[in-house]
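These notes open a run of structures that come right after.
In what follows, chain A forms one complex with chain B and a second complex with chain C.
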Partner chain A sequence: MRRLGWFVALLVLTTAAPVEAARIGEMADWNFGSQAARFFSLQDPSVRYALGGSMLLGLCCGLMGAFLVVRKLALMGDALSHAVLPGVALGFLWGMTKNPAAIFAGAVGAGLLGAVVVQWIRATTKHREDAALGFVLSSFFGVGIVLFTMIQNLPGGAKSGLDGFMFGQAAALGPEDVWLLAGVTVLALGAVGLFYKEYVLTSFDEGFARSLGWPVKLYHYSLMLLLAFAIVSALQAVGVVLVSAMLVIPAAAAFLLTDRMGAMLAWSAGFGMLAGAAGAFFSFTGRSLPTGPFMVLAAAALFVLALLFAPKHGMVGRLWRRRSRAARIRRENTLKAIYHVMEDGGFREEVVAVGNVAARRRETAVGARREVAELQRAGLATEEGGRVAFTPEGWQRACEIVRNHRLWELYLTNAAQLAPDHVHDDAEVIEHMLGDETVRRLERRLNYARRDPHGKLIPGLADLAAGAPPSERAAGFAEKGAA
Partner chain B sequence: MMKDFSTTAPPLEVHDLTVAYDRRPVLYGIDLTVPAGSLTGIIGPNGAGKSTLLKAVLGLLPLSAGWVKIFGGPLAQNARRTGYVPQRESVDWDFPVNVMDVVLMGRYGHLPPGRRPGRADREIARACLDQVQMLPLARRQIGNLSGGQRQRVFLARALAQESDLYFMDEPFAGVDAATEAAIVDLLREMKARGKTVVVVHHDLSTARDYFDRLVLLNVRLVAAGPTAEVFTPELLQKTYGGRLTILSDVVQSLGEEP
Partner chain C sequence: MVQPWTEDFMVSFWIVVMGFLVVATCGLVGTYLLLRRMALVGDAISHSILFGLVVAFMVFRSGGTMVMFVAAVATGLLTVGIIEFIHRQSRVKTDAAICIAFTTLFAAGVVLLSVAEVKGPVHLDAECVLYGEIAFVPLDPAVEVLGLVLGPAPVVRMAGVLVGLLVLATVFYKELLVTSFDPALAKSLGIRVGIWHYGLMAVLSIVIVSVFEAVGAILAVAMLVVPPMFAAQLSDRLPVRFALVFLHAALSSVLGYQLSVWLNCSPAGAMVVVGALLFLLAWAVTRPRRAAFPGWMAPN
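Right after this comes the complex of A and B.
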């Protein structure tokens, strides 16, 4: 449905008369460097209006969008922004001029009507919100397109400049538009600042808010009214089709970055301003480029960055943590293999041939050398001339991992009644996960047993601390046992 | 501190309460009085309207008929004296708030619009978190909690409301054994401090141990009164009908025990 709407919009644009509104990019000889210089000097008043207006709308939309995203109402922004279109057309028809006040009033009226229709469909039919939003979005947009086409065909209508409302023309922002944006932004900041706790609680837990006796509906509709204000005041700069992106994308990026609502509002507003500024810049330095798509692309780029690099939820961080876990498990398995080779030799030697480690790990000599080199980098072992020895820390870690493995095997055979030949694979995984606390509980549960189900010695705390091979303790234990 | 309720109105009084969805009644003609300082369990089969009764009493659902009095007046007048623990599934746990934020929401009913919670509110919230053994988790995002921990957060929020009458919707649903025991302790402590607590409960086998009064509900009110009087094979049979196999076991065990 939406795609169809865009297609119609494009059709209207291509058949309409060429845009008459002054585009700053066309005034001077086009040159990226000089245009950029003009932009950053802020000498040109239209640059100041375009930049200021775009940043204000980014701030305002980011603020409102954060509430939409946490309320899972992202599509509401989309529906409202399309629903305002007939109101824009009617506002223009009021005096056949682009009178900001008339257009603002018409658009807010149409947007609120759209919101009411959504509520009404939900309340009186068995449809859920998505169908209601889809209906309002496309039908209101359709009416808007029909009215726009009529205006284009009226005498003087072709010069209306209304097509800027479709994809946005920050360069066409005048002082009135910027003042309007500033007013709406102050209103939104004031309302959210003053009633922060009310808006957060009614968004998070409506039932609880109502049990406090709060007028929950009032807060909901005041938020929708602010949302309509934000959308309508942003239309001129970013356009009907893409304003919802400025509501959703900065907020969605902010949601990835933080776990707190206050921080999310700040990030979202900041991203919105950044995207607005970028949109204004590219629209100004490019040749006759609409603003809306560039703002949205800038916002989308910020979203992708957040998706990749967010500290907790970002994909890069997650991949890094997974890789480092995999590397730790690999190191621990190598340590264990060295321990096993030493154990096979009765702990008579403190040095082990890398070739034996490779055989134990069922690996190529090259692979084993690489793993031993990794241990060396981690300070767990040293290698010289194809022979490897533990550092004290390496010895301790090797004992820990072997102990974890054997304790777990013993636990499974004793407590879970599994046969000794069924427990190895499970222990292979668990040995890397057991925390100190669990190990201590296992030891208590197993009465500080010395031997695993296969008859092998379980390294004890004394071995870990002293760096002594378990054979000595075993001898002492055997003597005590005999005594 | 025990309060003397003998001269005041009962915490909850419900008269001829009827709630209907699409004209189909889900609660019909309920008359109920909950005395002060009692620990009341609402039990009944699925679809009996247990949660609906709670929501209707709290004004979250429109009444088709009847009235509700909280401490002898309308809820709006006594909202501050009323605490609420909604079902866990009723909120989005990915919402960007941490445990402390949620518990502070319990203070919101005491604050006028536009006023943020202050240091005193934070102290109360910390004490309530400590009471449910969740203080070390205060800064965690709420999605990062187990089912039992989430329930404790909601309980701490209710405690922070410092109300006299509490409504809890299925607080024992899907929590671990340790949390269940902790909640039972908490309920008894609240009762000892003179609070009145009304709990929607789904587990018939524990209902007799946990509550000193029971409300047996199945669209209509089957019985309400002290547990010893209403937890009888006849009344349970009347509440659950032949629908529940657990029932026969429980009824049997009732007969066996002295």
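Right after this comes the complex of A and C.
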């Protein structure tokens, strides 16, 4: 029984060695500048293979990962990368050598079996996707561990170097590994290029594809086959756990940048290659640092950048849009308040006191002054000695907002039969969002009504088109108000 | 076949006991995870916990139980927090967010580990992520309480975690039940769903870190997912499921150890294989009752 303990200790020792070797520049005299120069001159064959392999890996994984992310199968990559393990071990058992062809075939077979078992559990039990994936991931991995530890205990098995598959050794990438990666990448590019339409449609609208009579399952499993290819060829470089990162992270970053599948594939592949190159670079220039984790950290950094700064879906952009919208609404409310104050005075005055605006907005004097200053910056009003006047644009916009508000109130009372005292709050929100087309339709529908439910005048298109300054408008409104 | 039992009974005994405790503890938490459809959050935390452990070792230079527990809970909550942050702040779906969160933390953990190796010896190796050292358990010094020899330290600690978990599951049975099955009802009853969610995540982190050394990160996922699936296959009642999880733990630890002796392989791996086979058996037994099988490679 003690033997078991010793063998585990031995196992830990033997597996520690490949991890040590999993670093690219193992230099006695280490210097960042000279290492970087060596890296960029590409004179070292090991640098060429590591860089080429890492970038091909990023390209291939990025391509496959884009489909995983849009199909909401992100964790399928994680599950399959663990599930290929027993196949790797079986491939090794076939002839007891590290025969790449046997290992590749075994791993792809195990990966496909994993994909089938996931579907199978989902179809025949009440368990959901997460449980099915968790089951395949962990129990296949358990089988793999059993086979692995058996191999370690077989005579001559301990030196098999199979543990490289766990953490990856980009440093140990040889020409045949790079060729394998290149072959898989070409295959993936070819398949995606040839069946682009089919893959996109089955990814986004499976039901429609099925109704067209397309073999949806065939496309699913062919994608899983390509995924298994990508995973198996990438395992050598980044290892079991981090393969799923290279599948998902670049694709998720790309997902934030674009709404088009073609562009997403390109971004995802590009991010993957960039992350691969960055991983190879840092691993080579930093002393004894592993490659795979640096690739993943580089990809994660790209994702964080996309999460923050993506033009449409990024956090900064969204925050900026939200803030500028809030500022616009605040400006429009101030304009409206000034209009109301003028209207209360029968439009006799061209200027109103900031204090009156503050009262109207239920604001402090300081707050109202700040808002008026903001209007001034936006060129919508001018302020002098505590009195504020519209510019022509300000007057125009104020009229539009008041019109939107009153039209909507009228529409709600007429068309939706709401009581006149129930329509204000709704109009208060919608007034900032109504577009020209909707306003035209509302006006037509309401027969170009002149008064809102509360008896106030609605500024019409003709009044606005005249673009009249407040002084001229005041006379017009006063006449109509008196009539 | 029976040689390890007759020759060195205590060693075999403690490995099997440890296996039972590990599977039962994980299965208990896993039952709630399965109900909440969060099985893969267990996967995420079990990977990202490496990062927390490495940081804790680097900061405290010790591997005391409390340090490990605190590090685990912090990392677990960090992982869940990152997942929810990405999910809320962007249009990335939860599954992709899970993958991003744990792989990044794992990668950071591996990098820190290699840096720490340069700067000084850290009593933690990346291989424990994969295999675990359940076979070393009997070699640990025994714990004595009031002159009573209880057993090797990891076994005693694991038993403590299991007992604590059982107490929590009994005391808060109703709250966990309601928040797992019907969060809307729980909210209307005035139960704070978020607190129970994060509490469960904290407990999950503690469970994972305490089984980490014995079975490794990835096999821990199997023990979180497979026994509850086995139990769910056989019963819809929560207390019955708990009993079935214990049955599963007993069977998979004894048979798994036996398998590992027979094949001369990792005991933790063999326990997972037996556990998966038990699920397949339950699936085969209940298949006609639960669902009609629409054919090979059935559509979803």
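Heads up, the rule we're going with is that the second predicted complex is superposed on the first by the 336 of 483 C-alpha atoms of A that agree within 3 Å, B and C clash if a C-alpha of one lies under 4 Å from a C-alpha of the other, contacts with A are read in each partner's own complex, and residues count from 1 in each chain.
As a convention for this text, a residue touches a chain if its C-beta (ideal position, glycine included) is under 8 Å from a C-beta of that chain, and two chains touch if they have at least 3 such contacts.
Just so it is clear, the model here is predicted, and its values are computed rather than measured.
Touched residues of chain A, counted separately for chain B and chain C, are more numerous for C. In the superposed model, A:F92 makes contact with neither chain B nor chain C. When both complexes are overlaid on chain A, the residue A:F255 reaches chain B and chain C alike. In the superposition on chain A, A:G77 contacts chain C only, with no contact to chain B. Of the two partner chains, chain B is the only one touched by A:V200; chain C is not.
After overlaying the two complexes on the shared chain, residue contacts for A:F390 are found with neither chain B nor chain C.
By the touch criterion defined above, A:F67 reaches neither chain B nor chain C.
Shared-chain residue A:F39: touches no atom of chain B or chain C.
Common to the chain B and chain C contact sets on chain A are residues 72, 255. Residue ranges of chain B in contact with chain A, taken from their complex: 55, 58-60, 75-76, 79, 82, 84, 86, 90-92, 95-98, 101-102, 105, 108-109, 111, 113-117, 141, 157, 167. Against chain C, the residues of chain A that register as touching in their complex are 1-2, 4-5, 8-9, 11-12, 15-16, 19, 23, 69, 72-75, 77-78, 82, 116, 119-120, 122-128, 130-131, 133-135, 137-139, 141-150, 153, 166-167, 216-217, 221, 241-242, 244-245, 247-249, 251-252, 255-256, 287-290, 292-294, 296-297, 300, 303, 307, 313-315.
Taken together, the chain A residues at the contact with chain B in this complex read 70, 72, 194-198, 200-201, 203-205, 207-213, 255, 258-261, 263-264. Within the complex formed with chain A, the residues of chain C that make contact are 4, 7-8, 11-12, 34, 37-40, 42-43, 47, 86, 89-93, 95-100, 103-104, 106-108, 110-111, 114-115, 118, 125-127, 129-131, 133, 135-136, 139, 218-219, 221-226, 229, 232-233, 259-260, 263-273, 275-276, 279, 283, 287, 290-291, 293-294, 297-300.
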